Amino acid sequence: MKRKSPFGPSGVSYPALTMGLLLIGAPLLVVSLFSFLKRGSFGSGVVYKFTTDAYSSILIQTNLIGQHSLNTAYLSIIWRSIVLALSVTVICLLVGIPTAIWIALQKKSVQKILIILVTIPFWVNVLARTYAWMLLLADKGLLSQIGGPTLLYTNWATLIGLTYAFLPFMVLPVYAVAEKMDFRTLEAGFDLGASGWRVLFKVLLPTLKYGILSGIAVVFIPALGAYVQPSLLGGNKSMLIGSLINDQFGDSRNWPVGSALAVLLVLMTIFALGTFKFRGRFGRSATVPQDLGGVE
Amino acid sequence: MRSTVEVRRQIPSVASIGILAIAFLYVPLMTVLVFSFNRSEDATVWGGFSTKWYSTVLHNSDLIRAAKFSLSLAVPSALLASLFAAGLAIGIGVVHSRRIVLLQMLVNAPLILPEIVTAVGTLALFSAVKIPLNFASLLAAHVALCIPFAFLPIRSRLRDLDPAIFEAAEDLGASSRRVMLRITAPLIIPAVFSAMLLTFIISMDDFLTSMFLSGPSTTTLPLYIFGLLKLGVSPEVNVISALLLVIPTVGLLLSVVWIRKRGK
Amino acid sequence: MNTKKTLGKQTRRLQRHSLVIAAVVTSLIAAVTAPVANAAGSFPTKPVGTELNLYNWSNYIDPALLTRFTAETGIKVNLGVYDSNASMLAKLEAGARGYDIIVPTDYMVQVMKAKGLLVRINAKAFPNAVNLKKEFKNPYFDMNRWYTVPYLHGTTGFAYLKDKVDPAPTSWKEFYAALPKYTGKTTLFDDKKEVIDSALRATGATPCTSSPTKLQKALDLLKSIKPNLNTLASSGNIGRLSSGASVLLMMYNGATYRAKLANSNVVYVYPSDGMPLWQDNFAIPVGAKNIVNAKIFLNWMMDPKNAAQASIYAGYNNAVSGSDKYLSSAMQNDPAINPTDAQLNHAVAMAPCSTAVNDLYSTLWVSFKG
C-alpha cells in the first residue's frame, strides 16, 4: 500500500533517500566489505579475496621477532580513546549540568542570550577554536606567561580541546529539559527536610535524565572518533582511533585494517547509543537556535 | 525558612560554575581576537596594536583561493542539501513504513556517526567503483553530509503546523502536488532558510570529509588552514582564526535579527 | 685474376646490396626515430590552457618564483602541499587525479615507477637538460632521467641551539642520548622512514634491516625518548627551532639554514654515524591533465637562474650547473648547505626498503606512536 504524506507527493523524498543510500549506506557497506579483504600487493587498495586478517591483526600482532602476541599497540590506542572520551564526557557532565540549570533559572530574556552565547562557538570553525587553545597553551603562550605549565602537545591539551569543543553539546540538551522543569519541586524536597545531595540525586537528576543521556551520547561518540584535536593539540604523539584510521588510509596505506577500525568505531557508536538510550536532537543540530528552527 | 537557605546555597554554586563555563568558552576566542591585532612577529607575545597582519592575510592569494573554493562548494551544498531535505520532510510525511524508517536512519546517520567513518567509507566506495576525486564527487559527499542537518529544522517546522490545514486542502480536492506548492512550501520557507544557513556553515567548516576526498584543485579553506596550523602558532593564523570567529558570528546574529523581524 | 674479377664483381654486388640494405635500414631507422626526433625537436613552448597543478612539499618553493613563472609563460600555478612522501603516495593511490607535477624523493621515485604512477617524459631531451650537472644525469633511481627532473637535494641530520644545548651531540647516538636533557623541547619528524632509519643508525644498525632484534632495539630507543618529545612534526620545524620552542631536533640541512637566518645560534650537524642523502625530483603523475604545461615548468626549472632562486629560498643545493653564481657568498659558504667531503663520507643515498621490511617499519611505527 502506498503511504500518503499530507504535505505533498511522496516522490519528492526520493532524491534525499537516494543520497542516503548511495553516499551513506553504500560507503558503510564498502567499508564493511573492505575490512574482510586482503590488502593490495603494494600497500593501499584491496585485493578481492576474503580474509579476516584485518581483524586478527588488530587483536594479535606478529611482533618484530616473529612471535604472536596480543596486539597491545592497537588495543592501547582503542583503550586510550575510550578513556579520553569518557573523561571528556565526565567533565562535560560536571560542568554542563550546573551550567544548564543556571541558565534555566534565569529570566526568559537572559536565557535566550545565554543560549546564544553557548551556541556561538559552534559557528566558529573547529580549527579556529582548536587554534585558540594552541595560542593559550603554547610554549611562551598566555598560560605559561602567567606562570602556568606549557601544556601544548600533551594529552592534557587534547583533553582540554575536546572538552572545549563538546561542552555546548552537553549544555544544550540538558537545558532543553531543565527549561521545562518546575524548580518548585526542589524547594518541596528541601521543605521535606532532604539534604542537598538527596535532592540532587532523587529529584534533579531523574528529572533531567533524558537531557543528560542525550548529552552523554552526543559528547562521547564524537569524542571517540576525534581527529583534529589530538593531531593539533596532542602533538601527534599518542594516537586515538580517529588518527589511527587516518593513518591506515593515509601513510600506512593499509585499507583493510583502516576499514576494520572504522567498523569497530561504528559498533562502539551503536553500543553507546543503546547504552545511553539516546533521544532528542542530535549533536550540532541541537545548536540551531530555536529562533532559526521555526518561526512562530 | 530552610528551603530559602538551601536554594540560595544551591544557586550561587550553580551560578559560579555557569559563569566559569561561559568564561571557559569565551576566553580562548577573545584571546585570538585580541592577538589578531598584535604588532609583534611573535604570535603569543603582545607587542602593541596593529592591523598589519590583517593586510598580510588579505593579500595571501592561496588563502583567498581556498576561501573562494570553499564558498563555491558550500553554496551549492547548502542549496541542494536544503532542497533535498525539504523534499524528504514533505515526501515522507508523518506516518512511516518500516522500510522508510531504515532509509531515513541512513540519511540521518551523519548526525551521530563519527565523521571519519563516512569519510573513509566514501573514499573506499569511490575507489572501488572508480569515481575520480574531483569537485563533483566532493560536492556529492558534502550534500550527503549536510542533508540531515537541513532536515531537522524543516521537519520540526512541519510538525508544528496544524494538520487541519492539510486535511481541509485534501477535502477540497487539491492534488498533493498542489498542496505542496501552494500550502506546504510557503509555510516552510523560513525553516528552509535556516537549513541553508546551517548547512552552509557545515560545508564551509568541514574538514575530515574534505581531507579524504580532496584532489589537486579542491583545496578547501579548512584544509589550507590545517596545513598552516601544523606549522604551529603564527600571527597570520591569529588573524585567520579571528576572521573565522567574527564572520559567522555576525552572520548568525544578523540572521536571528532578520528572522525575528520577518516573523513579526 | 678471374677469381679476383669474380671477387670484385661479388664485392660490387655486395656493395650494391649493402647500399640497398643500408638505404632500407636508414629509411627504417628514420621512420622509427622520426617521431622521437620530432618530439625532441619540437619541445613544447606554447602552453596548452593556462593551468598547472603543482603538488609539492609544504614551504618548499619560493612563491615569487611561481609568480615569475606565471609572468613569463602565462601559466598559472595552483599549489597543493603535503608533508611526507607517504601521504603524497597515499593521496595518489586513493585515486586523486589531476596533479600535473609532484615532487617525490629518490626512493619514492623508484616505488612510484614500479607502481606505474609516473608518466615517461624523457627529461634528457628537454632543451635545458644540458644544464644538469653530470652526476645528476643518470641517478640510480631513474637511469637516463626517463621520468624525472631533479629539484633540490640535501641531507637529514639534526640541529640545535648552541646557547641552549651543551655538549653538542655529533652523532645520532649522542642525539638520542641527549634528548632526555631537553624534555619538551625536542622534535622528531612525523615520518616513519626518517625516524626509524635514524634510530637504527643510533643503535649501530643500517636502515632497511630486516633483523628483528635490531629493529626491536631501535623501537626500544624510540619508546624511551618519546616522553621527551614535544611533537612529531614534518613541517613547522624552522619556526620551532628559531623561536626556541625546540632546541634539539631532527632537521633537514636547508630548513636549518633558513632557521639560522632568524636565529644565529642555530647549528646543523651531519651525524657521524650516517645520514641520508636525498634528492627530490619533479615528476608527472599519471592522470595529469596539463602535461605540456608541466613539461614547460620542468624545463624552466632547469634554467640556472630559476634553480638558483629555488635554492636561495629553500636553502638546498640544486642540480643545475651555472646556478652557483646567483647564490650569495654567505650561502655558498654555509656549512649547513655545503658539507665538507669528510662530512659527506657519512652520507648514504636513501634507498627504498622491501615491502616486507616496510611492513616491519609500519608495525614498529604504530608501536612507537601508540
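Structure notes:
Note that the chains take the letters A, B and C in the order they are written out, and that residue 1 is the start of every chain.
Everything that follows uses one rule, which is that a residue touches a chain if its C-beta (ideal position, glycine included) is under 8 Å from a C-beta of that chain, and two chains touch if they have at least 3 such contacts.
On a predicted model such as this, the values are computed, not experimentally measured, just so you know.
Path length between chain B and chain C in the chain contact graph, taken as the least number of steps between touching chains: 1. Between the chains A-B lie more C-beta contact pairs than between any other two chains. Between the Cα centres of chain A and chain C there is a gap of 41 Å. Between chain A and chain B the centroid-to-centroid distance comes to 16 Å (mean Cα coordinates, whole Å). Counting only residues that touch two or more partner chains, chain C has 94, 233, 243, 245. Annotation for chain B: residues touching 2 or more other chains are 42, 123, 127, 212, 230, 232. Those residues of chain A in touch with two or more other chains are numbered 45, 138, 140, 249. Remark: chain C residues 53, 55, 58-59, 78-81, 83, 94-100, 233, 235-236, 239-240, 243, 245 touch chain B in the complex. Those residues of chain C that touch chain A in the shared complex are 84, 86-87, 89-90, 93-94, 111, 114-115, 184-185, 190, 192, 212-213, 215-216, 219, 226, 229-233, 243-245, 355, 358, 360, 362-367, 369-370. Across the interface of their complex, chain B is touched by residues 3-17, 19-28, 30-31, 34, 45, 95-96, 98-99, 101-103, 105, 114, 116-121, 123-136, 138, 140-142, 145, 164, 167-168, 171, 186-187, 190-191, 193, 196, 199, 217-218, 221-222, 224-228, 232, 242, 245-246, 249, 255, 258-259, 262, 265-266, 269, 273, 278, 281-285, 288-289, 291-296 of chain A. Those residues of chain A whose C-beta lies close enough to touch chain C in the complex are 42-45, 61-66, 73-74, 76-77, 138-140, 150, 152-153, 235-239, 244, 247, 249-254. Chain B contributes residues 2-3, 6-7, 9-11, 13-15, 17-22, 24-29, 31-32, 35, 42-45, 83-97, 100, 103-104, 106-118, 120-125, 127-128, 140-141, 143-144, 147-149, 151-153, 156-158, 160, 163, 166-167, 170, 176-177, 179-181, 184, 190-191, 194, 197-198, 201-202, 204-205, 207-208, 212, 222, 225-226, 229-230, 232-233, 237-238, 240-241, 244-245, 248-249, 251-253, 255-256, 259-260, 262-263 to its touches with chain A in the complex.
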